[in-house]
Every structure is written in C-alpha cells, then in structure tokens.
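Per-chain numbering from 1; labels A, B, C and D assigned in written order.
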Amino acid sequence: MDVGFIGLGQMGAAMAACLLRGGHRVTVHNRTAARAQPLIAQGARVSDSVAEACRGDAVFTMLADDLALESTSFGPGGVLASLARNCIHVSSSTISVELAERLARAHAENGGTFVAAPVFGRPEAAAAGKLFVVAAGERAALERLGPLFSAIGQRTFVVADQPPLANLVKLSGNFLIGAVIEILGEAMALTGKAGIDGHAYLEILTATLFGAPVVRTYGALIAARKFEPAGFTVPLGLKDIQLALRAGQDLSVPLPVAALLRDRLLSLVAHGRGHLDWSAAGALAAADAGAPYP
Amino acid sequence: MDVGFIGLGQMGAAMAACLLRGGHRVTVHNRTAARAQPLIAQGARVSDSVAEACRGDAVFTMLADDLALESTSFGPGGVLASLARNCIHVSSSTISVELAERLARAHAENGGTFVAAPVFGRPEAAAAGKLFVVAAGERAALERLGPLFSAIGQRTFVVADQPPLANLVKLSGNFLIGAVIEILGEAMALTGKAGIDGHAYLEILTATLFGAPVVRTYGALIAARKFEPAGFTVPLGLKDIQLALRAGQDLSVPLPVAALLRDRLLSLVAHGRGHLDWSAAGALAAADAGAPYP
Amino acid sequence: MDVGFIGLGQMGAAMAACLLRGGHRVTVHNRTAARAQPLIAQGARVSDSVAEACRGDAVFTMLADDLALESTSFGPGGVLASLARNCIHVSSSTISVELAERLARAHAENGGTFVAAPVFGRPEAAAAGKLFVVAAGERAALERLGPLFSAIGQRTFVVADQPPLANLVKLSGNFLIGAVIEILGEAMALTGKAGIDGHAYLEILTATLFGAPVVRTYGALIAARKFEPAGFTVPLGLKDIQLALRAGQDLSVPLPVAALLRDRLLSLVAHGRGHLDWSAAGALAAADAGAPYP
Amino acid sequence: MDVGFIGLGQMGAAMAACLLRGGHRVTVHNRTAARAQPLIAQGARVSDSVAEACRGDAVFTMLADDLALESTSFGPGGVLASLARNCIHVSSSTISVELAERLARAHAENGGTFVAAPVFGRPEAAAAGKLFVVAAGERAALERLGPLFSAIGQRTFVVADQPPLANLVKLSGNFLIGAVIEILGEAMALTGKAGIDGHAYLEILTATLFGAPVVRTYGALIAARKFEPAGFTVPLGLKDIQLALRAGQDLSVPLPVAALLRDRLLSLVAHGRGHLDWSAAGALAAADAGAPYP
C-alpha cells in the first residue's frame, strides 16, 4: 500500500521502518528533516510538506502531543486540507480524547476518514514490529488498514467505531501503568523499610499473582532506584495522567488514584526531577517514609 | 513426618489433606470437631486438645485471625505451653506483624522454634497442593520443614530469618490485590462510562502489559459485577488492609492507596454489603460516577 | 469618578448600584440589555457596546468565567481595543491565573493599565457594599481606584503589584471554602452517625475554636441538608476548584484536598445534582457512611 | 465540694488549681509526687493512692492516654475498685471512644456513675479557667458537677447521656484542628510559591470568612514555620487522628482527610520530626512543592 508517515520520533521512525519492511511504499515527513535520513536508506521517500504525505491509501501521524498534532492537522497545508480522497488519516499519537473528537468531527465534515490507532509498547517493541495497536473507527476503514497494522504490531484490538474511544483506552492504560508504579512503590516502601530486599520481594510477586510485564519492568526500576536514563520522563507521564483526569472530568468520573499520581509527578517536577523516568514516582512512598528523595 | 494441624477451615482442611497425601502422619484439631470428619477418612488422627497436636515434628496453625491464634497459642493448654521439644510451631494464618512478633518472642523465651509461613492462593490451589509458601524463620527449621512445604505448595519463598517479615510480605501482598481491584475499578469506570465493554477492555489489558492472574481474576469479577458468592468477603479484606496500615504505622510508612482502600471497604460495610466479595470495592469508582451501588 | 461596568449578573448589578450610591457616574453594559433596567432607575447610563463603557476613569468587568471575559476583552470592539487612555481595566471576575496573566500582558503591550480586583462575599454583601476586595496591580492605579473600591467593599487588601496574584488569592479562598465544606462533612458524618445532632455539634464548634463565618454558613447548610436553592452551584464550585488545581499544576504544587474536592463535586454532577449548592459536597462523607445521597 | 484529681500534667495541674480557686476541697494524686508540690501551697491535699482521691463527690482523671487511664481505672486499688458511693468518676482525658465505652459499662456494672468531660483549650486557657467542657453522662450527675465545670471552664456543652459521645466530639474536634492545619498548609503552599507573604495572606483570610481562633493560631505557626517549642507534638496529634480513624472504623465512616493527615504525621515521624508541634503537618504541602522539609 501507499502510506504517508508524519512524525519520526523514536516510536514513529521505528513504525515507518516496519511499514517499509512489510513491503509498503512509505512517504515520510518530519519537521526536522534529518530524522528521515536512515529511512531513506531503507527505501522511504521523503517529502518536505505534510500534503505530499497525504496522497496514498493512508497517512499516519505519530506526534508528541496535542499541540503538534493540532498544528499538523488543521490550517492551510495541514492533513485535513491535504487529504486525498480515499486516504485515511490514522492518528497513533497519545492525545486527548477531546482532540480526537475534534479531528473525527472535522474529517467527517470534510468527507474524509479518520481512525485512531494509538499503540502500546516501548521503542524496542516498535522496532520489532511487536506493538499492540488499539484501533477505533469505521469498520471498512479498519479492514483496509489491516495490512498496515500487521506490519507494525503483533496484535490489533478494535474497540469501537468512534475513534476517540481508542484514545481513551490508551490514556486509561497509561494511567494503569502509573497506578502500578504507585502501588508497587507503596508495597516496596513498606517491606523495604522492614528490611526485605526489593528484588527478592519482586520475585515473589511475579512468581505468584502479579506476573505481568508491567510489574516486572517497573518493579525492577523501583527496586534498583534506576530512574535514569528515562524511558518515559516525568513530564510525559504527568501529561498523560492529566489527560486521563481530563477525560474523567468530561465524563464525570472521579479517579482518586489518578489524582494521587498527579500529585506524585508534580512533586517530582517541583523538586527538579523532570529528567527522571516516571517510575521515580514509585520511590516517593519510600521518601515519605524517610528514604532519600529519588 | 509427624505433623499437627490446628484450624480446619476451607484452607486449613485442604492443606492438612495435602500433608496426608504427601505421606505424613497428621493429627488434626479443630474447635468444631465435625470439620475433622472428612480428614479421618483420609487417614488423619483427631485430637480433642491443642496439646496433642503439638507433639510431632511440627504443628501448623491456620486460624481465622489474631484473636483465634492468640487464644490457641497462649494460656494453659495452648501451643506455647504444650509444644514438645523439637516440635516447630508453623503459623500459616494471615495475622498482624505485631502478633507474629509476640509469638516469636514468646517461643524464643520458651526455647521453642517458631516459623511464619503464610500462603498465597485460593482454596482451589490449596486443595491441589499448589499454594505459594512465604516462609521466615531459622534456616535449620526451614530446612526441616521443606518436605511439609513441598506437600502443600508449588513453591516456597524464604524471605528472612525473623518470622514476622513473612507476615508483612503476606499483608503487603493482600494490599496489592486490593490495590489492583481499586485501580482496575477506576480504569473500568472511565472506559465503561464511555461505552467500552469491560470484558473486551480486560482482554486488551491482559494481552498487553497487564497479563497477571490478579488482573484476570479480579478484572473478570468487576467486569461482570459478580460479587457473590464471595471468595473473600469485604470484612476479611478490610481486616487485612487494616493490618497493612497498622504495619505501616508501626514502621512509619504512609500508604495512601491502602487508606483509600480502607475507605472503599468501610463504605461497603456501611451500605450493608459485608457479604460481598471484596472485589466489590472495584465497583465503587463507577458508583461515584453514577453507576448503581454494587 | 466616571466608571464603566460590564457584566450585570447578581453580583455585578449589586456592585454597580453601590458605585451609583457612592456618587459615581456609571455606564453599564450587559449582553442581555434587560438586566440594566433597574440600574437606569438609579441613575446609570446604558451603553450598547463594550467600547462606550471603556471611556471613563475605569471599567469594571464582572463576568461569569474565563470564556466570557476573554470574548469581552479581546477582539475588535473589546475592552483592550476600546480602552481610553487613562481608563483602568478592573477585572473582578473569578478567573484563571492564566487568563489574568494574558490580560496583564496584553494591556501592558497596549500601554494600558490592568488591575485584578476579585471580591469575597455573597450577593447580600455586594448589595450592602460590604464586599472584601482583593486587589493587585500598579500602586498608582490602585490608589486612583480607592474611592471605587470603598463604594463596593468594606475593606480592600492589596496583595501584590502583579494582577494575577489577586486571582490566585481568590481561587485559594474558594478552595478553602470548599475544603471547610469537606472537613465539616467528615466530622459531622462521624458524630452524626453516633447520634449527635448536627446543629448542636456546630454550636460547640463555633463557640470554641471554629467560630468563623465560613463554618457557621456552610455548617448550617450541611446540618440541615439544605442544598436548595443554591447560592453557588456544584458546577461553579467545580470550575473554581479546577482553576485552583490548574494554578497548582502551573506552579508545581500538589493539593490533595483540592483533588478530593474535585472528586466530590464530579460525583455530584455524575449523580445529576448539578443544581444543588456546592455545600452538598459536605453530605458525601455521610453518604459514603450509608446516609442517603444528597 | 470534695474533689479528687488524678493526673497533674500541664493541663491537669491547671485544672486542679482552678478547682481550688473555686473554693473546692481538692485531693490530688499523681504518679510522680513532685508535680503535686505547687498545688499544696494552694491548699490541695495530696494522697499517695488512687483510692484516697475517690472518696469525695467526684474524682477527675486527666491522664495522657488510654493506657494510663486504663491502668489507673481497672485493677486492685484502681478508680473502679475504690470509688465511694456517690462519688462520680469524671474522665477529662482525650481517650478512645472504645475505652470510654468500657469504662461506662464497668461503672454501670459496679453501680457507680461515670461522666466523660473532655476539654478544649490549651494550657493557658486551663490556667485561666477558660476551658470549654464537652460533657456527656446522666443528667443528674451532670447537674451535680455544674459548680466544678464552672470552676475550670468558661462554658459547658452537654452532648448526650452516653459518656463515650463526649469523647467522640473531642476526637472529631482534634481531627478538625488537624484538618485546618492541612488545608491552610495547602492554600499557603499555593499562594506562597507564587510569592504572596504568608502573614499577609492570613490577614485576608481571618478578616473575611475564616476568622476563627484555629485559623489564627495555626495559620501563624505555619506562616512563621515556627514548630518549636511544641504546644502539642506530632506523636500526640498522630495518636488522636488514629483514635478518630478508629472511631470512624467502628462506626463505618470513611474519613479521607483524616487518612491524609495520618500520612502527613507519619511522614514527620519517619523524618525524625516527632519533637515538632503538629502544625508542622501544615508545611508538608509546601515541602511536596519543593520547599525545605520542616
């Protein structure tokens, strides 16, 4: 298929490479053109403009935040103005439910097709084409996108036909990751202060009822107090928790653990720890109990 | 080996049966004698007194709470007064760290040996000899108990030589189960109110980062709002969360999510929901968002 | 002095009337012109446009929220475009710190003068000219405004020379009112469930350490469960708590009680209680303890 | 009247002196006899035993905690065993509702009379006979005690005929003091970080809606960060908050702000700040926002 790909950050570049490996023709665009170089070697065409990337069967956007997606989508020369007939806009960024709603509405008014397909997985998974794709949109569009999702992910979950619901699932998932960081942090503060080794404790957890990747990954970081280099920084985590709280607000759903997490992450920012991985939030229960601040 | 077993509730009876199947000679004792009948058929000896159960190589106590273990252990005719030389007292109940400390001290003063070996697993796992044993005590004693632990569990974790630490790990584990109930409840309140099916949502979670038994088991109960019959009732959950908070208090460790859970469970009791499974706490975020009270 | 007054809600109309009684010439403007009628009888001039209200010594804006003030201030024909040389823009609305910052910046760029002067007090206090004015801005401007503040309030507090700080003080004050509602709600849930009469309890509080107007006013509403008619509705309270949380976010200040309050108010909205006075949040601790939902 | 007074701490000694000044015959008893010396000069009789203090019209106990009152009340030579016919036991200590219930029951079984009369006020108020007395018990007994309450306090509030309810009111009052410390701490963290002076801010609060002694007293301590010398230490505050939470638990009343306060105070203990005044909890919101730990 002919695919455009806008946004070549760590995740986006890996996803575009997977599409190339999957045999698709990929036209990439990035604000900073240099990021496109490695992909050219793998066969990508590079375009200077957003518009050129919007002329195939689909165009992915994988951008940092609402602001970036908003400015890339709206306005003259943006995705909405440039989208070819039959080209599907696939948004894989982690964005607000609200922006997803605006985009869905704007595309519908334009007669275009919009699909939200945020992904779960870290850069390694993206490089290996092993992401999980959470997709929402019209059934026909999702079917057409099947080969592309197969190229980037190990499994696709279709959650609804309204695109914003895929974004809500993604935000709720990031909230759950943060929540696991918090509860592991509390449990390890308690057992750790009594003298139990964090790694040994974690082995008990994962061997019994808690054997999930999220527990293994984040538990190990908390046990080792290894918050640098950051895989996902405190401000990025804070942004997503705020988006989850905002979604809760719009739906009138109180989320007390999300509120607690927000406070943990704000405290890290206030203490100049914005460069740390957001798993540092898992060290704050221990800090409240007298351990050094992470 | 010669083993006494005091406390034939659902868990205790299953554990005693495993010991019998493992080829050990088991003398059982229960306040309500009728509970011993099925075990007699499997070869157990029954004793009227606590004392008789304390004459072998080890005596397990698997009782409902601190009060029951306290009254069985102390006083004339109790475990401490009756324990034969070389008989190890193995406490598998979920009790307070404080009582474990008192028992450890009292046994030490008596020249006896005390091991804490609480278990993770539900009655089905106990029946199948597939519990996880979390043990703490003197190394030599733990080694002698190896064959008994193998009979009841699929794996034994040795956490420390001070027995109370095993109880702390057990309490922290129950706190984590409750915490997972809460955070799943929040995430499912958010996504559910937007119209996403709970079971479909759960499938995404468990297929991606959150594929742990605790998520599968409790997530399914919350998604189905199936809180009866109770596997573990609200008051039992509340008791354990209070013991975790109490342990936190004694160690000066604030545990905000445990405090939230305590409030959730108190609210269920206040609403006359004490007969429900404690996973009903996972329906309270949705209730706060306007869904029916569980 | 010559004063413009934009925004004739319950509070604004009362404040404009006070200015008239204080001997000032007042030109009023309101989106819905009918609201100006009673003031004409008291001597006010009415203007159809925002611009006409911006030609005196000062123009007050007393509008419902950020959106209303924003659309009245910016754009062609707005306050910024219309402000006469030497006319001071006095914003008395409860708005976000962020909008106050934007207004301060925009006025500065225009060479105009901006003062933030939000007020504490209910409509009765406004009618009696007994508000408390919390003002921030350039000293010279505040001095010139003295006679106007005296006309509407019993006392003026100058908090800073940067206008947004007055808005922050106002938001923090509304947060504190909400927080008192919550803590009274908890204390009264506890003592009430034991059988102590709420009014009698409140008398003890106010006669001893807690004798503040906020305790008397809101305590009486909670004790009587009298949440209609609303003096200040749940959504208005929620809006202000969110602005306080937002200010906390921008300053990296975690505010756990504000987060709790937000959840209380969201729950009221979710239960269709948006028409109630926000003191209904003070009935939710009791509801969690089994009392009827307000 | 003939009065016994047991417990001559700072509060007790001041109350006993007031009784003497009121013209009553007072027999004092204290574990550490030296504390009685100053009262002898004012006319008190000293007794070596609890029993001798229990032979008049009433005997007050004003002891540090549950443990002290329990050991003074029960057992041979204790208040219960020694109480003369017609002598009323008046407990003014801040104790658990549970112990008050046990005492009320034990006295009833003994045919004796028990009144709970905890007091609000600091040592200065006690010295001036200006305490507030919160009393509960049989009407006839309360009437007989009138002259004694008048000697120690400026006002007596009768809350119920079941004594434990007076203790519940006292605990709820101490919870409210702590809650005010927390919410002032949050508001001052927010405004303080923006640059507003704490004392100036407090003046606005107390001049407007928040003019209560509790705001003035604790607000000034927080603004000045003056937590030494302690009027009421962190561990004492923690004990009372735990008693309030315990009362909430027994009545199934969730108290989220009390839970937050408990965490604040636990954190102070964990950081070795047990010697500070409990108003130091009001500095923790600022500490979370990056200010120095108190």
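Here is the rule we use: contacts are C-beta pairs under 8 Å (C-beta built on N, C-alpha and C of every residue); 3 or more make two chains touch, one makes a residue touch a chain.
Bear in mind that the values here come from a model prediction, so they are computed numbers and not experimental data.
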Selected interface, B-C versus C-D, where C-beta contact pairs are more numerous: C-D
Interface residue identity across copies subunit B, subunit D - same or different by half: same
Where subunit C and subunit D are represented by their mean Cα positions, the distance between them in whole Å: 38
Inter-chain centre distance, subunit B versus subunit D - centres from mean C-alpha coordinates, in Å: 39
Intercentroid distance (Cα basis), subunit C paired with subunit B, Å: 53
In subunit C, residues with contacts to at least two other chains: 248, 252-256, 260, 263, 266-267, 270, 288-290
Contact graph of the chains (line, ring, star, complete, other): complete
Touching residues (chain side subunit B, partner subunit A) in the complex: 120, 132, 134, 155, 157, 159-160, 165, 168-169, 172-173, 175-177, 179-180, 182-184, 186-187, 189-191, 193-196, 200-201, 203-205, 207-215, 244, 247-248, 251-258, 260, 285-286, 288-290
In the complex, subunit C residues that touch subunit A: 242, 248-249, 252-256, 259-260, 262-264, 266-267, 269-270
Sites on subunit B touched by subunit C in the complex: 263, 266-267, 270-272, 288-290
